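Chain IDs A, B, C and D follow the sequence of writing; residue 1 opens each chain.
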Amino acid sequence: MALAPCFASDNYAGVHPAIMAALAAANSGPAQAYGADAVTQAARARFKEVLGERAEAFFVFLGTAANVLALQAMTSPHHAVLCASTAHINVDECGAPERHLGCKLMSVDTPDGKLTPELLRPFLLHLGNEHHNQPRVVSITQATELGTVYTAGEIRALADFAHGSGMLLHMDGARLGNAAAALSEGQECELRHITADAGVDALSFGGTKNGLMFGEAVVFFRPELAREFPFIRKQGMQLCSKMRFIAAQFLALLEGDLWRKNAAKANAMARLLADKVADIPGVRLTQPPQTNAVFAALAPAVIKRLQTRFAFYVWNHEENVVRWMTSFATTEAEVEEFAAAVRQEALKG
Amino acid sequence: MALAPCFASDNYAGVHPAIMAALAAANSGPAQAYGADAVTQAARARFKEVLGERAEAFFVFLGTAANVLALQAMTSPHHAVLCASTAHINVDECGAPERHLGCKLMSVDTPDGKLTPELLRPFLLHLGNEHHNQPRVVSITQATELGTVYTAGEIRALADFAHGSGMLLHMDGARLGNAAAALSEGQECELRHITADAGVDALSFGGTKNGLMFGEAVVFFRPELAREFPFIRKQGMQLCSKMRFIAAQFLALLEGDLWRKNAAKANAMARLLADKVADIPGVRLTQPPQTNAVFAALAPAVIKRLQTRFAFYVWNHEENVVRWMTSFATTEAEVEEFAAAVRQEALKG
Amino acid sequence: MALAPCFASDNYAGVHPAIMAALAAANSGPAQAYGADAVTQAARARFKEVLGERAEAFFVFLGTAANVLALQAMTSPHHAVLCASTAHINVDECGAPERHLGCKLMSVDTPDGKLTPELLRPFLLHLGNEHHNQPRVVSITQATELGTVYTAGEIRALADFAHGSGMLLHMDGARLGNAAAALSEGQECELRHITADAGVDALSFGGTKNGLMFGEAVVFFRPELAREFPFIRKQGMQLCSKMRFIAAQFLALLEGDLWRKNAAKANAMARLLADKVADIPGVRLTQPPQTNAVFAALAPAVIKRLQTRFAFYVWNHEENVVRWMTSFATTEAEVEEFAAAVRQEALKG
Amino acid sequence: MALAPCFASDNYAGVHPAIMAALAAANSGPAQAYGADAVTQAARARFKEVLGERAEAFFVFLGTAANVLALQAMTSPHHAVLCASTAHINVDECGAPERHLGCKLMSVDTPDGKLTPELLRPFLLHLGNEHHNQPRVVSITQATELGTVYTAGEIRALADFAHGSGMLLHMDGARLGNAAAALSEGQECELRHITADAGVDALSFGGTKNGLMFGEAVVFFRPELAREFPFIRKQGMQLCSKMRFIAAQFLALLEGDLWRKNAAKANAMARLLADKVADIPGVRLTQPPQTNAVFAALAPAVIKRLQTRFAFYVWNHEENVVRWMTSFATTEAEVEEFAAAVRQEALKG
């Protein structure tokens, strides 16, 4: 099976050329290890420009670690982390949060992958009771695993709820750029609007899914969370010795809003794909695409035939829903080729 | 302070040009994530060619994780890991082994960073006694943190001792290439001679210190250790989504024995440096350099002045011993410049 | 508030006189610590008589530890434990399982606190996928937290399902005696019928809730689970130095089926209470009592007034369901006094 | 082998009659579980009277847990606990501290089991360096595992050192009573003199070795350490449901200074034994007994013959040093019988 066109995941994509160029440029002679180098310092300063002066950014290798270590800075083992049942931390990290935090994840079913104060209120019933894990963090994913997006107002409401109940708000921003791009219709949505300004306390800032080779950032907006984080990161096996090579990628991603261009491209390709398949008999879009994923219900036989030619995942085996995911590297021609194939196979039934 | 010439650590070096080229070449369109891609498969097969058919290689991001996760595959929390008191796992990983394994590290002082069966035998006294952690793994570093090297025979003796006592042998090979290069005088030492063939059960195969941007390999020589490792790696926050970019680097490192060229170059530069400073009054080499580190005792004032111009670490503050470390990127000119500076400062006293 | 009559929990009761006598008798001069004494050996042998030759019993201090350490012997951190959402391990242990095992608990809603193969089958979807915790243990509670009871056939079906899917079956038997007593109508149910003979692999054998001062037993029916357990127990902070004082209690509990008398008494008192309140207007029994708990829906005001006079818990705040729990120490007179009070308060409305 | 006379350990002894009486008295009808009962409240208040108003006491089942959970309240996983290499937490707890804290224990050899600021100062070298565990707690044992005793002044010096370096002081007081009794010559040493008043921040207050059936207390002298401890204890599997039965024992132990009588008796018996064997040819006391342990060097053959008749442990196999331990239950007649046997066997050679 040729992999292009590929709609499996945005981490099947390669590395954006500007990122590759930044990596090459960073490779100029020796530099201090473990983040004491000038590139890392510049990248950390750039995060403050983008996300506000309180933003303390730390680089790690991958998204699971960004989530787990950010949460570790916010919790003790007798705490609980509240999340949607579809959350990546709950479903796709092989229990890394429970293993490393010692905490319980308390998950709640949602219609669209999005938490609300109403959904979370019942978890407060046992506050102060030593027999039960104590809710300490609300963790949301932006954009969600279902491709939906929280507005700045929705985030603020969750932050207020969390803070009002002695909790903190964590955002898994593996696809934060896609969310910001999606929220930019009409008026540009800056990254800080949906993070620091909306009350987020800690952010996993995704890079890999938006064109990096590797690397994510943990960003804290409260100094007390950042204070011990260098030790948490080192003991958490995420202190990169040649850190400049993560930092250089982030500098490039934030340069000239490359993050937004990449994300907007991915989102646009998803919309295009949705448009192209929306009228195909036997194809039912289960929800309008807000970011870079298209969810569609198809006959099992059609799914099976398409998967012999193209890489993509079945999202819900019981309801025969597939996920088609686009990336910064997806082209219009690829969307058209794939949409044509979907039409062809669907019509066969 | 300009960083070149730089004798701080081999991880201050950048990326070898052949590795950079391999990274660029691997960036050609989409590929399966999480190691299901062709490059990763090729690299894993290449490890079998180099280290023997039993070798099962798994890629991770960094050396601390390679050590910790390899040890996790070999232990339960009530076990103990026996190591030299100077071992990286004991001293330089912020307690990551204890934190992630739950085990106790039992360390022993050595004259040269090298373990022997005689040094380890006293740890067997409490075998079977539930009040004490049970020794399960002997972990050695090759080359050691003191720059010394185990011969194949010494490793075999440790493997026999370990296996005869119900234990396994782990090798932290962060600088395995430097050791193999050092052991190649007269007759070439192949990597398998000092790993699989000498009885090693699990190996942390270093990349970053020998010219890679990032990436290490965990290699198991027993199938039962490899069986559950995909889960250990994922839960251990070390499953790289765009794994081809680690694999491609290792393919290049193993291609045409680039690993040996890089390591031999680093070793040669250390020997050259030792030669150049050996006769300087006030400079005492504490041991002959076997690999890519030179250890020298100097007057504190001399150390202080040199450190204003060059990056390097004080190894032993009580005895005023410094460590000068070379890498694949160190040049003869840099060694000469630095040796001249040492001479100049030492003569001032 | 006087505590008698008390329907709060069976662990509000004191210690059965025969147990107190056994404790006094065990206090005769010195004895080996940590279980090497004769009383402990006798108690372990007695467990083999009661539960079969394969039964390897280990004493611990409390039920949470019995559950957690039994599960630890059966799992690695990347595993999952499947349980009912009402399970004690899931709800009432402050996350001790996640903290100590590292595993994820995967819970499922049930109508009556009882698992079935049908309810569990969906959890097998991701077997072998490194991104997800791997189901390894099915954990059931006998009797359940809802007071319901698994028949031997139901347990056998779960054991067959577990074993057929590469899993093991754990039973939280905090109230095992109450279950056996409940299953003894017509023909006597022996403890082995619903444990070893029904395919259970590991059992938490409850003592405290059935008349002991403290102490539970972990019983394994597979030698490979027992092998390392002495270390797990010691490191798990559950190795009692004066262990004879737990063992002596269990010897007394198993002597002349005291366990059954105590449990049957508690069950009978629950039935009596249910009978006495069944016809009270405004009191609705939500299920027939199978063991020693009565669940009833009452008006909030009635609950509040009753709680000023008697100790008991609200089980479900949303539906105003209370739990009234009896013990070996509950008397008919206490039941009558309490039932009369319920009637009096309920009639006030 | 008959166990009396028994010099193996003070936990081979049974339960003091006054403690047994207190247990029986506490068994009067139902009481709130988990420490909400009146006996527990009284015992906690009694601790404040004995140790000062700041003392917050929490009951747990056993000494290993008292140590581990006290330390857990004081540390994060990237911290280190400094202790003597002979410390119980370092040697005799099967790695429970590392497993449950995630921390590294950094141990130092001592001549007599006692730490000093001078011995600890070198551990401060890497403060603030993310590559190394950060020293956070100094843990001392009173009396030490070698039977030696810290004076109040020595404890104060360690407390000042710890606090001056951003650390806290923990005392493992498994044999605190023996220490206080030993320090009472001339003027009575109150428990608070060598704990709260000397700067101790957290104390493991031993009960089992001084006549209890089971039960230890964790006592904090800083409110911030106590705040979350109910959750730490519950998740740490140490919340006793029928807690009154631990509390009642402690009330009895503190009543009329029973603790001191028991401890003084044990100490006196050790002194008597030392006196009786001091002049035996072939018996060498390696140190004067300060508390309830006698350490003596004997010929291996003599040790072997004595062990066929009496229970005791070899403390140092290389130097043929045995430990003879007395308890509150040891009688003069037992000491005389044993001393006579030692003389008889030693004279045989």
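Criterion: contacts are C-beta pairs under 8 Å (C-beta built on N, C-alpha and C of every residue); 3 or more make two chains touch, one makes a residue touch a chain.
Note that the structure is predicted; figures quoted are calculated from it, not measured.
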item: Remotest chain, chain A as reference, centres from CA atoms; value: D
item: C-D against A-C, pair bridged by the larger set of C-beta contacts; value: C-D
item: Averaged-CA centre spacing for the pair chain D and chain C, given as whole angstrom; value: 34
item: Averaged-CA centre spacing for the pair chain C and chain A, given as whole angstrom; value: 42
item: Where chain D touches two or more other chains, by residue; value: 77-78, 93-95, 99, 102, 130-131, 231, 234-235, 239
item: Chain D to chain C touching residues, read off their complex; value: 3-4, 6, 8-9, 11-15, 20, 23-24, 26-33, 61-65, 68, 93-96, 99-100, 208, 213-214, 231, 234-242, 245, 311, 327, 329
item: Chain B contact footprint on chain D (complex, rising order); value: 77-78, 80, 91-95, 98-99, 102-105, 125, 130-133, 317
item: Touching residues on chain D, where the partner in the complex is chain A; value: 34, 76-78, 102, 130-131, 134, 228, 230-235, 239
